[in-house]
Amino acid sequence: MQGSSNRPIITLLSDFGSLYPAEMKGAILSRTRDAVLVDISHEISPQEIRAGAFALMVAARAFPEGTVHLAVVDPGVGTDRLGLVVESGGHIFVGPDNGLLIPAAESLGSPKAWMIDPSFAHGAAPTFHGRDVFAPAAAMLASGRKPESFGPRVSPKTIDFGGARVIDSGMKAEVIYVDGFGNLILNASEIPEGEFVLSGRRVRRVRTYAEAGCDEPLITIGSHGFAEIAVNGGSAKELFGLAPGNRIVLERENCSE
Amino acid sequence: MQGSSNRPIITLLSDFGSLYPAEMKGAILSRTRDAVLVDISHEISPQEIRAGAFALMVAARAFPEGTVHLAVVDPGVGTDRLGLVVESGGHIFVGPDNGLLIPAAESLGSPKAWMIDPSFAHGAAPTFHGRDVFAPAAAMLASGRKPESFGPRVSPKTIDFGGARVIDSGMKAEVIYVDGFGNLILNASEIPEGEFVLSGRRVRRVRTYAEAGCDEPLITIGSHGFAEIAVNGGSAKELFGLAPGNRIVLERENCSE
Amino acid sequence: MQGSSNRPIITLLSDFGSLYPAEMKGAILSRTRDAVLVDISHEISPQEIRAGAFALMVAARAFPEGTVHLAVVDPGVGTDRLGLVVESGGHIFVGPDNGLLIPAAESLGSPKAWMIDPSFAHGAAPTFHGRDVFAPAAAMLASGRKPESFGPRVSPKTIDFGGARVIDSGMKAEVIYVDGFGNLILNASEIPEGEFVLSGRRVRRVRTYAEAGCDEPLITIGSHGFAEIAVNGGSAKELFGLAPGNRIVLERENCSE
């Protein structure tokens, strides 16, 4: 018997909300009860692959080597899109070949990807590979099955979060994730010098939320290493009316005005 | 000591949202820490026994034999409604005698039901049998206590999801569950031939979501074996304004028009 | 190796919604995989310390002695507010020194508090002590590290829920928590004699929800020992438009009118 201090960890991420994640867990626990199951989030906006990829990237790095990450945001389920096992930095990722897994894998090392042979999906419900393909694969990987045993090496589809672009008048960026506080996380890992204005409101550059005044918009480098726009004691999502995928221009404040 | 590969599984389902499920888990863990605890959903619409019964039925079958399912959607708590232990197909169910447990139990085998002797509820808070009666019972069952030790055999209250009815002009059905994508799950396990219209919109019959066009309404047999109406890339719940319990008529499209 | 029946329990409570709780769990599991992790709630209203303190108090008492409770509702993160380890009644609490932990600790015994030496936060993200300070501390405490090893004894900041006040014409109280049913939990552990009116609607005093008529407002002592206003089959939050922090007057019904 395996010591509990060596129990494998399986994380789960999806856009399923409730109920369907439990079916994935049942499929895992039907194969192994040794794994520690940890939900990253099942509240990814439906079919928002980029938001899911960001959440997976941020959360995966908090887990130790050897963790298996099962991630399913899968608008192409039932088509001929491949299923993947990806290994990087000692972590293993399982999910659809639509870019979801790649930013996380790239942030941890040099990803190697294998397809899951379509025969593995034999008998799977055409609308729920999370339960019938990826969860069983995750259980097997957590139990020691090798990624290369699932199929041949492939080049996975990739996505990247672009990069925010510093321009003369400020910075162009994209909102890639909105968290539970309504903080807007941008595709920028640095904030240029100066003070900024967004949609006519001054956005204060701070090191931590509490430096801003009450209800004051702020920009800071968040705990995940990305720039985020927040409102101290409020919701930047509501104040600015922005959502994942929206592009913004942070204008440098003109001090001579 | 029990090997972790034999750890019992306890699933939890309720309409509690957050906080109260943790109290049930505390009550279980105060009795045994061996069990693997898995949330099915705590987001069942308040007091919607039928929606809870559907979710339990769908999720229970994903778990292995021996699993204990603790389910509490319990508008009658504190009245003289009975508490039940139900065994079926090697699974054990614990919860109120209001029909919640029965579709799941019937889908797994031939249910046998025992009442939980009211003396077991001695000292229980009149508004929270989930924590004070059913969670302790689930912990005991997971630790090997026999269902018949809780009280005499009884005939449980049942509910069924009726059956959708094929009519000349199409199909009459009921929405029994709305999932996190806004998909409308119907009380139908088959879809009659033809093309359909719902509320004036064509609903395309497909095998998997991606076969439909962007934002196109579709009907398919979902991963749970029931017909569901979805919108590819959108929410059928929002498009059609429907909720659990609503009855609908899917009209067969008249090709001669 | 530790027997699973002795596994330590770590509960988690925050206002984070999804994603960030997984990072805290990753930080814990990177240090120990023996612990049973249980979410109390991550749906506390953002930065509502009082609502978080209530939820922690209610849930903590359902867990056995030895449980470590990790709680983070932390508007002052990144300022010089202290981090705390608190011991009371055999339970251990970890979180910010803003009152969040104290009602729970006081309800279980006589709290002793130690600060977490600021050197422990060296390298922590200034916006996420939950992951970088409190989660590692919780893992260490669950693995046997002593509270007093984190820093010197301190007097923690406290909050209390005031007390509802019985007045001639009824009762003045505060809504301290709103649960998933929309029930309004008040800072009152008793309900004075009589019948009440709130915002022009009669509120019936009952022992359990089902004693009230359909859609009838009611007041009862909830499973947590506090008075709560509910609507049988509905939501008191919606009916009365109330939120945590709101003060109300329950007027005694004048029978002579």
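The first chain written gets the first letter, and so on, giving A, B and C; residue counts start at 1 in each chain.
Here is the rule we use: contacts are C-beta pairs under 8 Å (C-beta built on N, C-alpha and C of every residue); 3 or more make two chains touch, one makes a residue touch a chain.
Since we're looking at a predicted model, the values are computed, not measured.
Where chain B touches chain C, under half of the residue numbers in use are shared by the two copies, so each contributes mostly different positions. One copy, chain A, sits rotated relative to the other, chain C; on C-alpha atoms the angle is 120 degrees to the nearest 5. With centres set at the average Cα position, the gap from chain B to chain C is 29 Å. Across the assembly, chain C contributes 4, 7, 42 as residues in contact with two or more other chains.
Touching chain B in their complex are the following residues of chain C: 3-7, 9, 11, 36, 38-43, 55, 58-59, 61-64, 67, 179-182, 207-211, 220, 222-223, 233, 235.
Within the complex formed with chain C, the residues of chain B that make contact are 1-2, 4, 7, 15-20, 22-27, 29-30, 32-34, 37, 42, 46-47, 75-79, 125-128, 131-132.
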